[in-house]
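Right after this note come the structures.
Look for chain A in each of the two complexes below; its partner is chain B in the first and chain C in the second.
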Partner chain A sequence: MTKLLDKQLDSSQPHRRELWQQFKKLPDPISKDQAWRFASTRKYRVGDLTSTENLSKGKLCELSTRSTILDAFSGQAVLAGNQIVGSLILDDETAALGVTLNSLGENPVIESSETLGGDKFQALNGALSKNGIILTVPDHVEVKQPIVIVHWAGSGGSFPQLHVEAGLHARLHLVEIYFSIGDEAGFNVASTRIRARAGSHVSRSVIRNWNVDTTAVHLEHLMVHRDAYLQSTNLNINGGTLRQETVLSVQGQGANADLSSISIAGEGQEFDQRTLQSHEASDSRSDLLFKNALLASGRTIFSGLIKVAPEAQHTDAYQTNRNLLLDPTADANSLPGLEILANDVKCSHGATTGQIDDDQLFYMRSRGINDQLARQLLVFGFFEEVIEKIQLPALESRIREWIETRFQ
Partner chain B sequence: MSATEAIDLDFEKGNFHYDTEYDFDAGTGLSEATIDYISGVKGEESWVRDFRMKALQTFLDKPMPLHWATRDLSNIHFDKIRYYLSKGQTPSRNWDEVPDDVKQTFERLGIPEQERKFLAGVEAQFDSEAAYSRMKDDLSKEGVIFVGSTEGLREHPEIFRKWFGKVIPTADNKFSALNSAVFSGGSFIYVPPGVKVKQPLQAYFRINAENFGQFERTLIIADEGAEVTYMEGCTAPKFETSTLHSAVVELVALRGAKIQYITVQNWSNNVFNLVTKRARAEEEAEVKWIDCNIGSRLTMKYPGVILKGRKARGEVLSIALAGDGQHQDTGAKMIHAADETTSNIIAKSISVGTGRSSYRGIVNVPRNLKGCKNNTECDALLINTNSRTDTYPAITVRGDGNSVQHEASVSKVSAEQIFYMRQRGLSEAQAMSLSVNGFVNDLVRQFPMEYSVELKRLIEMEMEDSVG
Partner chain C sequence: MDSLIIDNLNVKIDGKPILKNFCLNIPKGEVHALMGPNGTGKSTLAKVLAGHEEYEILGGSVLLDGIEILGKEPDEISHAGLFLAFQYPLEIPGVSIANFIRAAIESRLCEGESLDAPAYYSRLYEKMDLLQMDRKFTSRSLNEGFSGGEKKRAEILQMAMIEPAYCILDETDSGLDIDALKIVSNGVNIMRSNDRGSLIITHYQRLLDYIVPDVVHVMWDGQIVRSGDKSLALELEKKGYDWVKEELAVTCA
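Entry: the complex of A and B
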């Protein structure tokens, strides 16, 4: 990979070259490193990968039609690999309010921020990203319908970037969807940065529904300012080896954030989620709920940390990880953590791992529901708590359909 | 309450030392010569010496675990430590035979008094070797062995060699390797099948010399159906330079046996207390660690139980109090290795002033097991605005019908509670100390009476300077 890309990198972009050197210099992750504990680090070796090649017109056209997930949206961007499919759409009403949706073309935003162990991949994303998307919502503007970003991964590497800036008191619902074009093994290194300015209200849903040969690293930075509210829901429905790093930085007094997630890990799949809830200002709140359902030989890792800075008094921060083992060969790992440097706080974490409750199963069986259906209903019930946080009925029902296909 | 007055320890009680002339001194620093010296004065068999030499190599090869542990560890200067100091290798059986200066030390700490009152046996270790060791005669008639590590390996190799270094291998970590190289003192206990030792056995560990490293080694074997409770207490005077205490404690509970191991650690706050403690529980055996950490500069201690037999049970109850400048890095490890094993961890910590308390734990249930359960609760209380607490558990669950739950919370003493008590005439310090005692009360109640009273008083004293 390295030689080919060495040539591809344009010498007119010194920043990118610098990041590329950085990427090559940084060591591959090893599971002895706390930040990668329990992970199958070998699967993240980059090896002989090339950037996904440009697709034919016909293929792009096909993807464009497959990208209609929601009937109503205020804006949409569709990408395949590192290429834009069709054009970026923003309806007239939204555009008139000053909302902008643009491509970064050959000039990705290069800004290194805190990672939870994935700094090598941050450098890789910065070095190779093309056509990153930038969305800005001006102060006091409410975007009526969701803005949808769809990304299709082909064979080889994709390096999508998404930058979102919600202005003062702005309101936005953002939907990020990641799919595979076909059965090719993709390598996806994505970066999402969202800044919710004072008083804004940002709701975000991320759906990852790849083929089982996909390896992915997604680095998320969520910044919440004074009195803003941010809701972020991650739905890891399908994929191969996934690492998701979510850094939530609660920067303003009175800020509030809800992070939630569902992961369904089956045979050969490993979903590794690392989170940081960093409270840097007083009177703020954050709540995290990550739920995993594990099928035969599926693996999940949840490693979460709540950090409360000395000045962040009156913080309420919670973290919950629930693992439902649906097969004896599944493997669930939890590393819930707290680092509290202020004293007037309410912080807690809880992690549980268990099976379907026999009593609940018995109750349903005694009412004539067969064993398989009863189990399914209980599993779907387990997910529902997270799904209903999305508050977009059309999207929720699509998500339920996708989840159901995992249990057929 | 009256029965306990005699042994109420003063918080400053451990803070004194006598100038003592040592007959045996391995000098400063660690090399093969140090080990030759220790092994020589103890008259050890060649396998023990080989074991030590190998361990020294492991110790030198292993890096400091700085990728996860606190940087404070790099302040330990292994070349400035004295690894062996003693007045002789044979403990006295009669209190009158103990050298005067050593006797004074333990009398000030109340050791013979305690023995008369409620202990079945006691061992008092002064720097490297036991100064005094005695057990009630009826217990030795039943076949209970309670001796120091030197004597245990020399007199009863057929019992102790089998398990020595088996629960905690030399290479477990850097400090278990160090202990394996230079160990001296500690208790070796064997309780024969079916024997239930009703009163606790106790050991008291005392560091007296500056720059001294204490490396005691304890091995307790409870044979089938046996029961034993062991208590240890630790103190050291305050010196200008830091001191190292690095023990290895191995417990073996054979089928149906019960071991309870109680520690009240009150080292002065220049002691690095880096201890490896682990138990192996066979079928239907029960091991309970009750661990209370109040003193030291840095404590790193994670008592563990390997649940090796079906229906074995492991428990860790832990209280940590981190005062100004202290770091209590404590926790528990539960390694489930058989069906239907259960474990319970309850850890409570209090951080005062610039104190920092950390909980670190491992719960592991592998894929071939059925019906295992773990419950973990960690609660932290923060007293001052500059206090700090961390929680870092690691939980891995596989297999069939296993369930694990972990909960942790962080809070401060509620202003309403303090207000309520102040209204009724209590001073702020009294109110605070009452609240803190309430926070740990459900755990303290599980301690033997004498220890719970002492603990409450220690907490009260810590609290006195913390408010206002």
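Entry: the complex of A and C
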């Protein structure tokens, strides 16, 4: 089954070889497994996948042009498949502050972490990733403009990796954007690791806007240290079958994190999000808000767990999943959970699934707004609560445009 | 032609008759007040006029400048020129006042026509100043977290921007303190014109101290039982709604 990928393994590297063996040994996901409950697991069979081939120079130039999402940025990396497009850019001011943006090239990263069921894919990503991106921000450095990482998926497998380290009291806004090059069916297995050191402030926006034939697994590890703040917003605008695993590890006293998400699932689309808010230190806070809008036969799965360790007293941890069903054939699944081992905490979780409110609709229509537009405004309004968290007006307007396109 | 004519309107909800042969004529240039105790059908009338589909219309007609609006879609009725200021305005999360009113105005443009944004904003600010609304409100989600007074001001702001031919104000005074009442009334008074007719639905006489009506109607059990000039409102205030029940209802029956 995996013979074709076998050829792409650089077997001179023992670590990769080991991960490859792991990948082959681990079973394919099945929906009987609680970690994959409700998921269309068949879609995640790797089968006779090949890695995305290297692109021609002309194609790379074209992608480079299409990658300008923001006018102002402090740094940018563009990747296509497993290849770097052009060069990694940091502006002079940012580079002078000691910020680094590098590629791992052929080198593997020797780090594996807890997954929420996607260990097979973590092994696959580790075995085959090339040109993983490493971004470091030194202590006390504030990166003025966002650092943008754009990834283009072609046909076949891409295995992007992103490692971010924000130093003590550093400030960073990171933007990760995932696109499809064209209509080819891509299989994207990505890994992002972010460490926010003590007192740092990291804001992250992830935009996934693929074609409908893309299958993707994205494993996210977010580590927040003492008194640091991390904001992570996932915008799943388009794609085929997506599995997003977000492990938030609140490791330091007074650490604070906001996780939010929007997913728009239409016909033939499935967005499966699994989250863990793990509180390992006292006086910390995390708040999760995942919102889904579902169109005809669209599917979403949200499975979230808040885990509070015995020593994590005075934890405030919240989790909310809201599903807006825009069609009776849509299917929203919600599995919220709590596991609290400390006795002095504030935790809550809740999931709601509803439709557009008739009274709101009547109110809007009584102002002359037609039914279709009124519904659209209510859906866009439903997303605003999440979009506003990004705090980057230029990106927010791009996101609104992408969302509007989705509803045309 | 220049009139909102409600003729023999009969409306049911859940099998229960609410409006019974209801008749009312509001010519342009006039402000009418509709008073009556709770549960006589005042708010039902307002919602039926605006096109709410929850009600079963048994018969009658509503002509707006000669055009039948009864049974039409709410947005069509709005475009025909009727505006309802809601008793309980809905919260619309994530849609700012500016964008909401903009959508309402744009819905009135002809195909191919586009909104003059700077002109729109200057008009919006002008009306907001009139209603003593902070400009910061333009970017706030409509009615979300607003106080009662702020919601009612936002209703009048929409009305002032849309400039309808006929305004129905459903219990606009409810939930207002005296200062807000003055501001809202001032907004309504400024809109009085020979090209516009208004119906003020209210439970209390106090709003009519600020918006002086041309005609006052008293409603009881689904129909108007007495009409008169503004002194009727004062009489009603003095004698109370029991008077309506005991005397007017009898003459009607």
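Just so we're on the same page, the second predicted complex is superposed on the first by the 406 of 408 C-alpha atoms of A that agree within 3 Å, B and C clash if a C-alpha of one lies under 4 Å from a C-alpha of the other, contacts with A are read in each partner's own complex, and residues count from 1 in each chain.
Here, a residue touches a chain if its C-beta (ideal position, glycine included) is under 8 Å from a C-beta of that chain, and two chains touch if they have at least 3 such contacts.
For clarity, every value in this text was computed on a predicted model and none was experimentally measured.
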item	value
Partner chain(s) touched by A:336 [first = chain B, second = chain C, both, neither]	first
Partner chain in contact with A:369 - chain B first, chain C second, else both or neither	second
Contacts of A:385 with chain B and chain C, given as first, second, both or neither	second
Partner chain in contact with A:360 - chain B first, chain C second, else both or neither	second
Contacts of A:144 with chain B and chain C, given as first, second, both or neither	neither
Chain C versus chain B, contacts on chain A by residue	B
Touched partner set for A:377, first chain B, second chain C, both or neither	second
Which of chain B and chain C A:400 touches, first, second, both or neither	neither
Chain A contact footprint on chain C (complex, rising order)	50-53, 73-75, 77-79, 83-84, 86, 89-95, 99-101, 103-104, 107-108, 141, 158, 162
Sites on chain A touched by chain C in the complex	357, 359-360, 362-371, 373, 377-378, 380-385
Residue ranges of chain A in contact with chain B within the complex	32-34, 37-38, 310, 313, 323, 325, 328-355
Sites on chain B touched by chain A in the complex	67-68, 367, 370, 380, 382-412
